[in-house]
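Chain nomenclature is as follows: A, B, C and D, assigned in order of appearance, with residue numbering initiated at 1 for each chain independently.
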Amino acid sequence: MRSEIGVGIIGTGFMGKAHAFAYRSVASYFPESAMPVLQVVADVNEAAAEAAKAQFGFRRATTDWRDLVADPAVAIVSITAPNVLHREIALAAAAAGKHIHCEKPLAPDATAARAMADAAAAAGVVTQAGFNYLQNPLIRLARDMIAAGELGEITSFRGIHAEDYMADPQAPWTWRLDPAGGGGVIADLGSHIIAMARFLLGGITHVNADLETAIASRPIAPGAAERRNVEVDDIARLTLRFARGCGGHVEANWVATGRKMHLAFEVAGSKGSLVFTQERLNELQFYRVGDDPRHAGFVRIEAGPQHAPYGRFCVAPGHQLGFNDLKVIEVAAFLQAIAGQAQGSGEAIGPDFREAWEIQKVIDTAIRSSASRSWQAVS
Amino acid sequence: MRSEIGVGIIGTGFMGKAHAFAYRSVASYFPESAMPVLQVVADVNEAAAEAAKAQFGFRRATTDWRDLVADPAVAIVSITAPNVLHREIALAAAAAGKHIHCEKPLAPDATAARAMADAAAAAGVVTQAGFNYLQNPLIRLARDMIAAGELGEITSFRGIHAEDYMADPQAPWTWRLDPAGGGGVIADLGSHIIAMARFLLGGITHVNADLETAIASRPIAPGAAERRNVEVDDIARLTLRFARGCGGHVEANWVATGRKMHLAFEVAGSKGSLVFTQERLNELQFYRVGDDPRHAGFVRIEAGPQHAPYGRFCVAPGHQLGFNDLKVIEVAAFLQAIAGQAQGSGEAIGPDFREAWEIQKVIDTAIRSSASRSWQAVS
Amino acid sequence: MRSEIGVGIIGTGFMGKAHAFAYRSVASYFPESAMPVLQVVADVNEAAAEAAKAQFGFRRATTDWRDLVADPAVAIVSITAPNVLHREIALAAAAAGKHIHCEKPLAPDATAARAMADAAAAAGVVTQAGFNYLQNPLIRLARDMIAAGELGEITSFRGIHAEDYMADPQAPWTWRLDPAGGGGVIADLGSHIIAMARFLLGGITHVNADLETAIASRPIAPGAAERRNVEVDDIARLTLRFARGCGGHVEANWVATGRKMHLAFEVAGSKGSLVFTQERLNELQFYRVGDDPRHAGFVRIEAGPQHAPYGRFCVAPGHQLGFNDLKVIEVAAFLQAIAGQAQGSGEAIGPDFREAWEIQKVIDTAIRSSASRSWQAVS
Amino acid sequence: MRSEIGVGIIGTGFMGKAHAFAYRSVASYFPESAMPVLQVVADVNEAAAEAAKAQFGFRRATTDWRDLVADPAVAIVSITAPNVLHREIALAAAAAGKHIHCEKPLAPDATAARAMADAAAAAGVVTQAGFNYLQNPLIRLARDMIAAGELGEITSFRGIHAEDYMADPQAPWTWRLDPAGGGGVIADLGSHIIAMARFLLGGITHVNADLETAIASRPIAPGAAERRNVEVDDIARLTLRFARGCGGHVEANWVATGRKMHLAFEVAGSKGSLVFTQERLNELQFYRVGDDPRHAGFVRIEAGPQHAPYGRFCVAPGHQLGFNDLKVIEVAAFLQAIAGQAQGSGEAIGPDFREAWEIQKVIDTAIRSSASRSWQAVS
């Protein structure tokens, strides 16, 4: 008989829904996992909470996340509330002995992130931060290839996460612009590409960053004449040094007109290189030194069953995973970590709170570097 | 209270699983639909049936599809068994008053397809054939643009469905090669691109086809020395005339080395043209006559919430749907048709049995044309 | 001391200029070739002839091609006049002992083409037909790979040459639409893709064609109200059988809205496949069976010095050849053939009149097939 | 009667040849220009000089550039010698009243560049630096669109010039690695992308750079066991501030495994954005805010006659220019500047020595910034 595990989700927006989709689907694709049961959904907006309850079949809805955390039927707490609330919720959940998934960025700053990681460790609960793009089988392939030395000695990383959802100067002020929540784009999108850089290449030791606000003020609400000054960054450019010895560059940009999902990187080594963009998430370009020069070039690898866990979703190559499938893989990894299971190569995929704290340190260092106009060691 | 509807799935292979995934997920994305409940799964292989029961949570498993069809808890019968069985199952299901989804191609020939369509019509049940690629929001956009005259008068259609899963001469004989099941690639892949051509441009009146067997014999089983002659086609090339007056060409090819999911088309008209490949299913290329010539060119449209029902899956553009999401949309359309609901523009999307019969006529005509080495009217 | 060779060019339009460019440049890139000296240019339009003389530095201009052919300083006659004139000019040039380059298609029909080939053979002069796209180093690579068996046994060819320069219904009647000049698009663009098919795969034995006129009438002149009926084809679709045993399909289309230079093909074999489009003429896609499945995929080969004669133009890879460079390579091959030199692999590249006659036979067969609505043997 | 102008070229390597090709071809494409006559070629290697004389038809060859500069038949001096010699040659040429084209980077440092610019100004001669990628008609389109406000207010520039010709650790030491010649990749490739940034967006005011040597030592000669330490940069990463208010980033990298000609940029503004890579030099991607959201996306603009001076080379769109064509356009602009003619929009295209000095300042500032690990004002 298959075991069940109770889930509570805090927040019902983009990510709250994505989590609910994933928890409802995961058992089909990963039948060896525990069966998640949607127990409680929380949203400060009661109508939204009730709607989510109806849509996804939660047992109950609440407007109080504390109520959710306290519910004994809830074993997993999924935090998709605004960043500024992550710490308080996570600490409460850890204290209640719940396993915790928290959306990225983990916290407004590294101090908070560390507190969350420490609390979870002390409580002995399993944690996961929502860097779902790392769950792509092709990203896992990339990491494995780099780790196995297939690219030789790495010389350079260049990454970007660019979208345009804040490019319109009339796009109103949102909680993402609240400086109490940490940075602007460096936290929201920068955390993704920093997570990617670390996932592929390991530790970042030094940062030299230039953060800028491209749109100085925003309407306080959609259509409002009154505007509020923006105090966080719209564009972040980071020059990096990695612990392994190479350098790199990442950009985060949410005013990148025309870009919808341009999370992209190129990593070059002495024996090969890889090129990727999330715009075509089922493709990875690979160049290998030493091929017959008549035939040499970048190979367009298409995702297929040979790239686990793609085969869970489709037995045929080239049929393509979607964004929500990445969330399913993320949830599966979390459930397997909770069950003490190894996935694939013997380790759970994706950052836990300790790794998310490391990512947060890079973000904090970038903010510090930009403010001081100087190189800063990551700390 | 949300209504429930019982589902039985016959077959547990690639498509059987894809259906089960979709039925388990659809309620999250289309909460207004009835809630499917997986009641019975049937497979001649008992172990496979039991495994599917465990994986997806069917109430029970059986090795006898008649048992499934007879189960009063089953309101929907999903047929993913080999083509040669479609007719018999569908007729039984219709007689039992079940709504029927049947994988493509609908039947071994148009006579069988017609019998299936007629039986369903007589029984008053809702039908759907599994041409899931038509469920892509961008394909729906393409159809709407053509219908609205945005491409002007259509002059040409060129389509292909090429994969390479039969390209290896050592790939063994399978039921897909059984001539009793209809054609070879013309039925298996050709049906998809013919369905696409009709979906976009309407009726096909004449066909001139060349079907060929590229690999004359296959091992009778994996690794077997003994070989069996192949009597069906590996490559099909069809020249077409459409009722609307234009011509076209389609190819179906399952020995197209390197191609994994090359279902592609280009349709040109006096005011514009569209280019698509399922290899990048979230993109559609559009050229519009009359743009500033300095800027003119093919636009790469990325799927987003403006292309319903993409927004059901993700509120942000560019995040991408996957193959299984198309199956969810298909199932949703089916459930809505059963409920008498309109989806989106006021009509259920995707071929029913009557349309699948029309598609089958084109296949039959192609086989007849190739055998007679002559143009044939579709009939 | 470098030898010189006198050149006469008949016609000063697109191709006349392209030839002149090439003859002026070739000596830089192929210094071992004879040095072409532009002696005479002929155009029925005197102003055009004089302008070309001034632009390119011809010794003299004339309105009479016979005058050009008779000039003893002219050793090479380049024919870029309308198709309907090719035969008469070529026969005169052969009779005068001139080497002859003639733009494609070689003649209005195979009878004329044969007469030209025979006359040149009888006169012992060197001939070349202007299928310049075959001069691309990557096309030569493709042919060499196929000939060397790197793709294994070929199963299929699919080719197209689509442009949109006749897509506008208000585009006026031109000599290209004169049925006395042979076919419409089947001759103008179809000849290119047929030449490509033969260059890569060898002889074509049977054709089943559908030629259609998409725009029934055209203004007799730019802006004219009076229209003239179009008697030639705008779109040609050919199903082919090759002497080597495989089948194929080609399309020629000059009303392909949005396409500017879509001369493209995909050739698949048991060991690999190649994909090419002239839209990106410096790239060739190659898939090879047997690569590590984790890494397998289409390689994007970029042209470089390893693909002779690219290195004549640039010592660095990836810098790209342009259209006019292909014409230079064509001229160089012609000059080398005249000098009795071998180029590269030991044979002159590109069709001579005999090969162009073979191409013309396929065109004639396609016209005959379409008119008779039946398969026709090439003859 | 067409005027003639005598040309002397110093250096016979990659760029020396490219100049000779261009001077020999330009008169065909730009017949209104003066006719260049190749008078003298100089190379310290006598055999190379003689070979170039024979290949291109120079009147004479010399091993002494001073001899070339002094020749009264030479009106234009083209400098393609190693960077460390640029200043001395240019000063001599200016003193002799010659017009001067000099390959990029202009000089080993800004002081030398300024001396060259000042000397030329004092002598009243016309100058041009060889930033040939700016001659691309699509780059000119990009600049014109930005200048006309079609992208709105620019928010960001991201550029790169990456190749892999130094990626092999066994690639031997060359003069490009001589620190006396200025920087390494920052000078060789960085100058191109900096030139591009300035060409499109104007002045750069501040730089924060990280220059690194990826391969610490190189064989002193091909195959040599003895190695020499590398003192210049292999990778340069620059964060920029532009005078117009926006920021940006550029990378120069000659160890970018797999990249052959990846000179690429993305520039985003409030109304649109442009994406380009020299890997596909005949294409420019354009996104425009405000298009119908169903159809919005990046347009792939293909170069055509509507993008002057493409039409000089080919009357048909999509046929593509090559690298050597860009050099022809460059030479034409130089000849027109010498003749006091306006090209197209009324100004000569491409950097003169004064602009090249500005580019050199950015390079020097980057070197200074990297050495000091700090932001530096450009000076």
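Just so it is clear, contacts are C-beta pairs under 8 Å (C-beta built on N, C-alpha and C of every residue); 3 or more make two chains touch, one makes a residue touch a chain.
Given the structure is predicted, the values throughout are model-derived calculations rather than measurements.
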{"item": "Pair of chains joined by more contacts [C-beta pairs], B-D or A-D", "value": "A-D"}
{"item": "Taking each chain's C-alpha mean as its centre, the one farthest from chain C", "value": "A"}
{"item": "Cα-centroid distance, chain A relative to chain B, in whole angstrom", "value": "35"}
{"item": "Rounded Å distance, chain A centre to chain D centre (Cα mean)", "value": "41"}
{"item": "Interchain centroid distance [CA atoms averaged], chain B/chain D, Å", "value": "53"}
{"item": "Multi-partner residues of chain A (at least 2 other chains)", "value": "259, 297-298, 302, 304"}
{"item": "Complex contact set, residues of chain C against chain D", "value": "2, 14, 17-18, 20-21, 24-25, 27-29, 31, 54-57, 163, 165, 259-261, 279-281, 302, 304, 313-325"}
{"item": "Complex contacts: residues of chain C adjacent to chain A", "value": "141, 286, 288, 293-302, 304, 306-307"}
{"item": "Residue ranges of chain B in contact with chain C within the complex", "value": "151, 155-156, 158, 160, 164, 167-169, 208, 210, 212, 214, 234-235, 237, 239, 241, 246-249, 251, 253, 255-259, 266, 268-273, 287, 289, 297-298, 373-375"}
